[in-house]
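Listed next: structures, encoded as structure tokens.
Okay, so chain A shows up in both of these, paired with chain B first and chain C after.
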Partner chain A sequence: MSSPIPVNIDTDNPAVITSGLRKYYRRNRALEKLDLTVPEGAVYLLVGPNGSGKTTTMKILLDLVRPGEGSAKVFGFSPIADGPLVRAQIGYVPEGRIPGYEWMRIDHLLAHHAVYYPAWDEAYARSLITVLEIDLKKKFQKLSKGESRRVQLVMALAHRPPLLLLDEPMDGLDPVVRDRVIELLAAHLAETPTTVLASTHHIQELEKLADHLGVIRAGTLLAQSDTTTLHTRLKRYRIEAAADWTAPESLTDAIVRRNGSGPELALDIWGEEATVTSALAGSGSTVRQVSALALEETAVSLLAGQEKP
Partner chain B sequence: MPIVFTIDPADARPIYVQIMDEVRRGLAVGTLAPDEPLPSVRQLAAELRINPNTVQQAWRELEREGLIYVRRGQGTFVARTARPDRERTIISRQVAERALRDAFRHGLSRAELITELEQIEPAETDITDQTEKTDTKGAD
Partner chain C sequence: MSALSLQARPALDRLFVNYTRVLFSRNWQVLLAIGIPVWIYHFATLRGDPGGAEITLFVNGGLSFSGGIIMTLITLLWSSRVWNDLPPGERETFLAYPVDRTVHYLMRMAAGLGLLLAIIITGWILSGLCVECIHPGSSWFSDPLLRGSGWPISLIGIVNAYLLGSIFALLFRQPILWFMFGILIVNLPFILAVAPDTLLWQIMVNPLSYILLYPYGLFSGLGIAWPSLAATDSFAGLTPHLPALTIVLLWTVILGLGLAAASRFRRER
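And now, the complex of A and B:
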């Protein structure tokens, strides 16, 4: 038996699909056979340790970086063959600062940016500027990390693109602004049909917006699924078992993570709750509690589980 | 908004079910009355910082159950056919199941839980006080 954790998403309408993406920067691996599927209309959280390939993936979708092997499609178009067409569909919040415009005042920077997007909604841009308390007279180079992130959010949202690529959108924002950003993203999704691919280390803040999760490590997806499936299939079982207890054979591949050394154990197990519970009970343990995992715990469990030999 | 929706992503219930249960709670407690307007998808999604599709799913399911109705262009409202007593029964069953699960987690039997429930003095804490008040209101 092999691992039951899903790594593929079935959809007739992928907004983003990559197959076998591989990318090395000299000898450093960024991506190793990445097969990512973001269904149209999804809010997909891409989660993984630093250097696992999240930023490289987004850059390949924008054709800011070219893969060594494999291919990517955005709304059916190749970023390499149809770069301008693809980029026009995307609102991008990059991880770092935008280079090249350090000397510009924010109002000029936004006006300059708007020219490139026929769909730019000036009234919406102004309301975002107000909500995010952006000082238009400041120069871009004078902005703190959080301030430049807020400007980048306006640039990404105000032309209401069909696809948003958000690379650590909460980075550098204070707690009040983070909350406000999540609120305005929720409102944005209600008003504008949008697909979102977001990388984040702050899963907890975005989990209520997310409906898909991808867990990435060393350039490969360990898991990829809609969050409803994850929420119903991966659960934590707290059991009491004798010292010589071993997990039933039917569950060996389904146990994602194990905590405790007995007699109490906490096991994160993939499967249907009734089946898992009866398998555990049949193996002579007492199941005390079955609990659902928050998305952050799910991601941590899947990442930590892969560390076992 | 007539009621304050409270949700918890770590809860075993999916978020759309939690929203549905919040509407039931409003009906049972009496803070939601027939023909009362419910928040729009955009409003509730922004308020709870959740995906608008989740609100849509909750509204869809509640409409299917006949608890709410949608009037095109005007919004979503509590149905006149909604029966608070029925929702009350559903909620008390859920609360009882949660209590039983919690008791079992702590190694307690159903009998031990019931004994303890009966021994709690109504005035012992503020929370039970409020529960008692609501109970009286519900009995009217």
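And now, the complex of A and C:
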């Protein structure tokens, strides 16, 4: 029986779709047959450990990196063949500071950036600057990590792109500003039809906005699905069982993670709650508690891998 | 929404400024290494005889060839070299903008060309001023023909050649070929029609026209007449000093550099 964890998303309107993406940096694997689907209008969180291929995926969508194999489409356009068209539709917050503009003052940098985007909304940019408390007279090299992140957010949002690529957008922000950014993103999504593909280690902060989750490890998607399905299908079952208890055969592939030993076990299992509970009870264990997983717990559980009993 | 509309003029200007700054800040020593000898040369040759003795013509001819090679190197290879040496993050900062990679390549070349022209013309004007101070009346500032029709026309030629070459390159997305074709179209009337002294200054000022000297030298060196040019006084003393073999070798080097640049361009894409 194959794993029931979904790795494909069916949609008629994908904003981003990749097919069999493979990328190696010399001998180091970055992506291995990545099939990513981000439906139009979705807020898709791509999570995974460092070096799992999140940043490379975003760079391929911008044609900053070319895949060894496979293809990518953004709103139906190929980043390689239609690079300028694709990049014009993307607001990109790269990981870390943007190098190359250290010598510029922020107001000059924003004016410089605006030139490339005919849809740049100056009034909106000014309101973002106010909300994020950006000092326009500072030079970019004088900014702290958090301040430069805020400037990058303005650069990404102010031309109201239909696709936002956010690579660790909360990195370096203090808790107060993080809350403000979440509110700002929520307001932006409410006003502007936008698809978001974000990679983050701060899942719980973007959980309120996210409606899709992709879990990536070693360049391969372990799972991708809408969050509603994840919440309803992947649950934690706390059971009591004998020391020599073995999981029923019907659940072998559905157990995503197994914690604990002895009489008390915590099992993260994919499936209908009633079916799973019934199968567990039928195997001689006693189900003490069933709980839904937060998005971060879901990601951690999926990343920990499916353990076979 | 077409790709070309995204490459609006202000965006190109910004790219040009960006790349000029990158090239200058990373490699200003190269500019000085090229600029200082050119300044010295101009100072030395302008001091006594701006009119054109045979030896001056010979030196000018030599500079034309070396200048052509240097310009080819700089416009096609130097800017790419600096670009490839940039940290990946900095390259990505530029490339993330909605601009075609061909345009990036062109703007890098233009930045390299612009910087070199700036340093040569600055040196040229400074040396002219110095000569005028030391020997009043002997610099090109005092020569009405050159002042009135020589280098200003050359500068217009440079600008027009660059603009037309850029437009062709943008439209047809073949940067090197169309860039050169644009330069050729703009420069031909100057080469074929202008007065001899103007032509000389055109060659000295406009390094792009150095490149156009090669076919002329090749033809004349091989004994094939190019009537409209051969008839000009400026080249009367030049051609006998340019053996055909040297010219062929130089052309081979130029072609090799061109192919290397084309190959590098393909890799960058």
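The criterion applied here is as follows: the second predicted complex is superposed on the first by the 305 of 309 C-alpha atoms of A that agree within 3 Å, B and C clash if a C-alpha of one lies under 4 Å from a C-alpha of the other, contacts with A are read in each partner's own complex, and residues count from 1 in each chain.
FYI, contacts are C-beta pairs under 8 Å (C-beta built on N, C-alpha and C of every residue); 3 or more make two chains touch, one makes a residue touch a chain.
This one's a predicted model, so the numbers in the text were calculated from it and none came from an experiment.
Asker: Quick check for you: in the superposed arrangement, does A:47 touch first (chain B), second (chain C), both or neither?
Answerer: neither
Asker: Check the residue A:179 against both partner chains and state whether it touches chain B (first), chain C (second), both, or neither.
Answerer: first
Asker: Of chain B and chain C, which one touches more of chain A's residues?
Answerer: Ranking chain B and chain C by residues of chain A touched puts B first.
Asker: Which partner does A:85 reach: the first (chain B), the second (chain C), both, or neither?
Answerer: second
Asker: Using the superposition on chain A described above, determine whether A:59 touches chain B (first), chain C (second), both, or neither.
Answerer: Once the two structures are laid over each other on A, A:59 reaches chain C alone.
Asker: With both complexes superposed on chain A, which partner does A:134 reach: first (chain B), second (chain C), both or neither?
Answerer: Touch partners of A:134: none, neither chain B nor chain C.
Asker: A:106 contacts which: chain B (first), chain C (second), both, neither?
Answerer: A:106 sits against neither chain B nor chain C.
Asker: Quick check on the superposed pair: does A:208 touch chain B, chain C, both, or neither? Answer first, second, both or neither.
Answerer: Only chain B; A:208 stays clear of chain C.
Asker: Just to be sure I read the superposition right, which of the two partners does A:293 touch: chain B = first, chain C = second, or both, or neither?
Answerer: In the superposed model, A:293 contacts chain B only, not chain C.
Asker: Of the partners chain B and chain C, which touch A:189 in the superposed model: first, second, both, neither?
Answerer: It touches chain B, and chain C stays clear.
Asker: Using the touch definition up top, name the residues of chain A that touch chain B in the complex.
Answerer: Contacts found on chain A: 41, 43, 179, 182-184, 186-187, 189-191, 204, 207-211, 228, 231-232, 238, 288-295, 297.
Asker: So in the complex, the part of chain A that touches chain C is made up of which residues?
Answerer: Interface residues on chain A, with respect to chain C: 59, 62-64, 82-88, 92, 94, 96, 98-101, 103, 112, 115-118.
Asker: For a test of understanding, state which residues of chain C touch chain A in their complex under the given definition.
Answerer: For this pair, the touching residues of chain C are 1, 3, 5-8, 10-11, 14, 18, 21-22, 87, 89-90, 92-101.
Asker: Mind listing the chain B positions that touch chain A in their complex?
Answerer: Within the complex, chain B contacts chain A at residues 7, 9-12, 14-15, 41-42, 45-54, 101, 104-105, 107.
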